[in-house]
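You will see chain A twice below: alongside chain B first, and alongside chain C after that.
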Partner chain A sequence: MNATFAIAGATFGEAVRKRILMVILLVALLIILISPAFEPFAAGRGARTLIISFGFGVIQLAGTFIAIIMCTGMIPTEIERRTIYTILSKPVQRYQFVLGKFFGAVGTLGFMYLMMGIVFMIASRMALGELEPKIVRGLIMFFFQSSLLAAVVLFFSTFVSPLVNYFLSGGVFLLGNLLSSFLETIQRNPEVTPITRIPVQLLTVILPNFANFNVQNPIINPEQVLTDEFAYLVQTLAYAVVYIALLLVASMLIFNQREM
Partner chain B sequence: MKRNYTKLWIAIVALLLVQAALQARIFPLWVRNYAPKQATPIGLAPEQLLVAVAGFREFMAAILWVRADGFFDSGNYDAVLPMLRLVTWLDPHNIDVYSTGAWHMGYNFTDESQRSDRRYIPMALKFLEEGIQNNPAVWDLYFEMGWMYYHKIQDPTNAVPWMQVANEYKGMIPARRHMLAHALFKSGRLDEAVDHWAKLFLDAEKDRGKDWESSNLYDVRQKNLEETILDLLRRYGPDPETQPPVDLQFDASVKVVRPRVLLVEGRLGIPAIGCRVTVILRDKGRTLEYSPKALKTFTFEVDPKLTYMQDSLAVRDEKFRREIDMSKDPKMYPFKAEEYEVEFIFEPRYASPNIQDRIGSDGVGMWDARYLETVREKPAPIEVPKYAQISDALRRAVENPTREVEYKRVRKVITLTRADILMLGRRGE
Partner chain C sequence: MSDLAIKTVNLTKRYSGLWSKQPVDAVKNLNLEVHRGEIFGFLGPNGAGKTTTIKVLLGIIYPTEGEAYVLGKPAGDPKNHYRISYLPENPYFYDFMTGREILTFYAKLFGIPEPQRSKRVNELLDRVGLSRAADQPLRTYSKGMQQRIGLAQCLINDPELLILDEPTAGLDPIAHIDIRDMILDLRDQGKTLFISSHQLSDVERVCDRVAILNKGVMVQLGRIEELLAGGHVEVIADKVPDNAVEPIRQLGGKVSLHDGRLIVEQPDNGSVDRVIDIVRAAGGHIISVKPYRRSLEDLFVETIQGGKNA
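Moving on, here comes the complex of A and B:
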C-alpha cells in the first residue's frame, strides 16, 4: 500500500507542476472571480441564476479538461521515458502502479476542485450577499464526475496512444452525457421500435453515465421539488465508486498483460 | 510465464452487473428530477446540444432571458417569443420564464386601442402546459394556468380544476389560496366556495396572533367568509333581493362607419353603474378554443387568416356605445373570411358585486324576452402529470369532472359580410 501512496504522491506532485493544468486552473479561478460582474445585468432572481450557472459551467468545463489532459499521458509518458522500468524493478506491483496513478490524479482533481469551490463560494457570496450551501453538493457531484472521467482516460491510456485517447475519452464523455436524455426521448416516443430502443438501453447501462452527476439545475432553480434526492445522490456516488473500481480492475488486467 | 486472471475477470463481470443495477435504479429518478425535458413530446432534447455538454446550459438560458427582458423593455415583443423558446429548451425548470412568458403572450400583444390579440391565448395555455409537464412538482404553474382562465379568459369554470391542483401543494403562498374560493364562487359552485373559505379560515385560526401577517390573514379570511355567506343570503336566501327579475330589454346594433371601423351600440336595462357588455367580432363559424389542447404542439405562429376582436363596453345610463377601429392593425384583423359574426354578451359572473346583489352571480335575477339563454357547462378534463403531488381523489375529479354549473346570460349575434366591413363597392374598391 505504501508503494501505491508513494506513486500517488509523486503523481500529484508532478501534476501540480504541469504548467498546462495550472493555466487551466488559474483561468477558471479568474473567470469565476469576475462572475459577480454579471450581477448588474440581471436583477434579483436573474442574477442568482446567471452567477451560479456560470460558476458551475466554468468548474465543470475546467474539471473535464484537467481530467483528460492530466490522465492521457500518465502511463504512456512513463513508458516513453522508460521511467516505468525503474519503478517496476523495485518491489512495486503493476496494479499498485495503476492505483497510485489514479489516486494521484484524484488527489489533483480534489485539490483543483477545492480551489475552484472556495473561489466560487466567495464570488457567489460577494454577488448574492449570502452563502449558498447547496453549491457544495454540486461541486461534490462534479468532482466524482471528473474522477470517473479520469478513470476512463486512465483505462484507455493502458492500451492506446495519448492522441487517440483524447478523442476516445472525449467521445465517451460526450456519449455518457447524452445517452440518458436520448433514452428518455426515445422512451417517450411511441413510434420508436424495440430494435432501436433496446441497443440504446443496453448502452445506457454499459457505458459510464456522466449525466447522472449533472445535478446543478435544482441548485440554480431552487423552486424545484425533488423526489428521493438523498437516495439519488447516494446511489449516484455509489455508481461512481463501482464504475471507477470496474475501470481500475480492467486497467490492471490490460496493464498486467502488456509486454514491456 | 502465463498468469491466471480469472479473479480479475470475475471482478469485472461482478462490478459491471452492480453498476448496471445501480444505473437502472438511478435512471427513473434522473428522469423525474434532473432530465432536461423537452418542448414537445417528440424531438431532440436540449441536452443533445453541444453547449449543454460544456455545462453552460443554464447559463446560456439565463443570458438569453436577460436579453429577452431587454427586448421587452424596448417594446420589441415579437423578439421575445423565440427567446422564450430557447430559454425553456435550455432550462426547462426555470418557472419564471414559463409564468412570465405565458403572461406576455396572453396579455401584451395588443392593437392600437390596447385590445388583446386573443389568438395568442391558446399559445400561452400550451406554453404553461409544457411548463407544468416539465415541473409537475411545483404549484406555481398550475396556479398561473388557473389565473389565465380566471382573469384573462374570464372562464371561472375551467379555472377551478387548475386552482384546486395548485391548492393541494403545501408550499403555496397563503393569499393565493383565496383565488380558488373566488373561482368557485364565480363559477356557481357556491357551497364549495363557502367550504373553501371556512377551511382557509380554520387554517388561519391556528396561527392567529403568531405575527402580524398571520393575524392579517385570519382577518381577511374571516371577512371573506362572512361576506360570502351574507351575499348568498341576500341573493338566494328567504326574501331574496334578486327577485323579482330585472327586465334587461337587451339590444345591440352595429354599423360600419368607415372601412374596418364599426360603431356598436345598444341597451342593457340595469340602472346601476358597473355593467360591461362583451363584444366579439370573428370569422363566421370559427371560435377560439381556450384550451392547452387546442394546439397539438407549441408554436408561436398565430393563424394569420383569422380575425378575432374582443372588447368590453361600459354601460352608462342603461346604454353602451363605442367606435371600434380595426383599420390600424391589419395583421391582427386581416378580414380574410367572407362572413363575420358580431356577438354581444352580457353575463353576470364578472359583474361588480353591487350588480350581482340585484341579479345574482348566476343571473337568477335577470330577464329578457328575446336574448336570454341558459348556459350549462362543466370543466373540461385536465391532464395532470404523473408526478403531480395531489391526492388520487382530486386527480380523478379533475380528470373526469362531473359537476355541472348553470348561469344565465343575454346574447345577440349579428352577421356581417366582408364587403360590409371593408365597405367594398362604396368607394369604388
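Moving on, here comes the complex of A and C:
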C-alpha cells in the first residue's frame, strides 16, 4: 500500500505542475468568477438557473478535459521516459503501479474540483445572495463522472497510444452521455425494429453511463424530477465505483502482460 | 541456498517486429551463471542484447523461451526486489523532484518508515556527494549528477545484487573514475555486481569475469586473466647490424629492421633475454623493453570480427 501511495503522490505532484492542466483550471476559475455578470440577461428564477447551469457547464467541461489530457499520457510517458524501469525494479507489483496512477489522477481531479467548487460557491453566493444547496451535490456528481472518465482513459492507455486514446475515450464519453436518452427515444417509437434497438440497448449497458451524473444541471435536465435525491446520489456513485473497479481490474490484467 | 546470483537457462527473447519487420532474436539461447560476490562484466557492442537480458532479469519483459533466475528465484518476482537494485542505461528520473525528494520516493517504494527514511536519504546524498545539491530539482542536474542519483537510488535497500546497465556511458573522465571507485567499494563490501558495458577499459580493471555477447549470442566467457593471456614483449634497439637479424628471427615473433633500428615483438618472455644478448653482442644499443598485455579491446575486436567472418 505504501508503494501505491508513493506512486499516487508522485503522479499528483507531476500533474499539478503540468502547464496545460493549470491553464485549463485557471481559465475555468476565471469564467466561473465572472459568470454572475450574466445575471442581467435573465430575471428571477431564470437568473438562478442560468448561473448554476453555466457554472456546472464550465466545471464539467474543465473536469472532462483535465481527466482526458492528464490520463492519456500517464502510463505511455512513464514507459517512453523509462522512469518506469526503476520503479518496477523496486518491490512494486504492477497492479500497485496502475492503482497508484489512478489514485494520483483522482487526487488531482479532487484538488481541481475543490478549487473550482470553492470559487463557484463564492461567485454564486455573491450573485444570488444565498448558497444554492444543489451545488455541493452537483460537484460530487461531476467529480465522480470525471473520475470514471479517468478510469476509462487509463484503461485505454494500457494498450493504445495517447493519440488513439484521445479519440477512443472522447468517443466513449460522448456516447456514454447520449446513448441512454437515445435509447429512450427509440424505445418510445414503435417503428424501430428490434434489429436496431438491441445493439443500442447492448451498447448502453456496456458503455459507462455518463448521463446519470448530469441530473444536477437544471438546463441539461429540465424535466428531471427526482423523488428521492439522496437515494439517486448514492446509487449513481455506487455505479461509478463499481464501474471504476471493473476498469481497474481490466487495466491491471492487460498491464501485467505488457512489455516495456 | 543457491550460490548463483543470476542464472539463465537457454534464454531466448524474440521481438516479433510489426507486420513490416522481421522478428529479431535479441537474445538467443543464453546460458549465464553469475556467482555471488562476483563482479561480472556483460560486454558486447550496441544492439548485442545486453539491455534485453537485463530487462528479462528484472521482469520488465518476459522470456520468449527458456528461464531466468535471480538470487535463486524466478526473475521478476517483486518480493525478490528487496534484495536487488538496478541502474538503467541513461537513467531518467522525475525531473520535477529534487534529489532528496526522488530518493525519498524510492525509499517509500521499499516501505522504509520514518525516521529511518530521512536518515538513509541523507546518508546516500552524502555518499554520492550530492548533499549540497540535494534540494535542487533534478532538471538542473548535470549528466554526472543524474548518474550519482541513479547510483544512490541503487543503494537505498543495501542490495545483495546490483545490476548496472552501461553505468559509465556518456560520462566525463572524472565522473568515470568516481563510478569506478564506487564499484570497487561495493565489491569490497561483498556485493554481487552485474555490469553491462561496451566500454571495455572500465570493465577490465574491475571485473572478475566477463561474457561477451554478439547479436544475442554469447561468444566468450571467462576470467579476465585467462581471456587476456598471451601478450608480448616489445624490444626496441638502435645501431643493430643487419647480420644480427637472422638469429633473432629464429627465436620467433615479429621482427623488423630499418636503418639500424630494430623492433621485436616477442610473445615468449623466455626468449627476451636471448634477443637482448644477441643485440648487445652485435654492438647494438637497447632502447626499451616493454611488456604489452593483451587488452580486452583486442579480444573484443578479434571475437566480434571473427564472428563476422565465420
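Just a few scattered comments:
One rule holds in what follows: the second predicted complex is superposed on the first by the 250 of 260 C-alpha atoms of A that agree within 3 Å, B and C clash if a C-alpha of one lies under 4 Å from a C-alpha of the other, contacts with A are read in each partner's own complex, and residues count from 1 in each chain.
Throughout what follows, contacts are C-beta pairs under 8 Å (C-beta built on N, C-alpha and C of every residue); 3 or more make two chains touch, one makes a residue touch a chain.
Nothing here was measured: the structure is a model prediction, and the numbers come from that model.
In the superposition on chain A, contact of A:Thr83 is made with chain C only, not with chain B. When the shared chain is aligned, chain C comes close enough to touch A:Ala6, but chain B does not. Contacts of A:Asn212 after superposition: chain B is touched, whereas chain C is not reached.
In the superposition on chain A, A:Asn189 makes contact with chain B only, while chain C stays out of contact range.
By the touch criterion defined above, A:Gln235 reaches chain B but does not reach chain C. With both complexes superposed, B is the one of chain B and chain C in contact with more chain A residues.
Annotation: chain A has no residue touching chain B in one complex and chain C in the other. Contact residues of chain A toward chain C in the complex are 2-3, 5-7, 9-10, 13-14, 17, 81-93, 259-260.
Across the interface of their complex, chain A is touched by residues 3, 5, 8-9, 11-12, 15-16, 18-20, 22-27, 29-36, 38, 41-45, 47-48, 52-59, 61-63, 65-66, 69, 91, 93-96, 135, 137-138, 140, 171, 387, 389 of chain B. Against chain B, the residues of chain A that register as touching in their complex are 41-42, 45-46, 49-50, 52-54, 56-61, 64, 173-174, 177-178, 180-185, 188-189, 191, 204-206, 209, 211-212, 214-218, 220-221, 223-229, 231-232, 235-236, 238-239, 242-243, 245-246, 249-250, 252-253, 256-257.
By the touch rule above, chain C contacts chain A in their complex via residues 55, 58-62, 78-79, 81-82, 84-86, 88, 90-94, 96-97, 105-106, 108-111, 150, 153, 157, 163.
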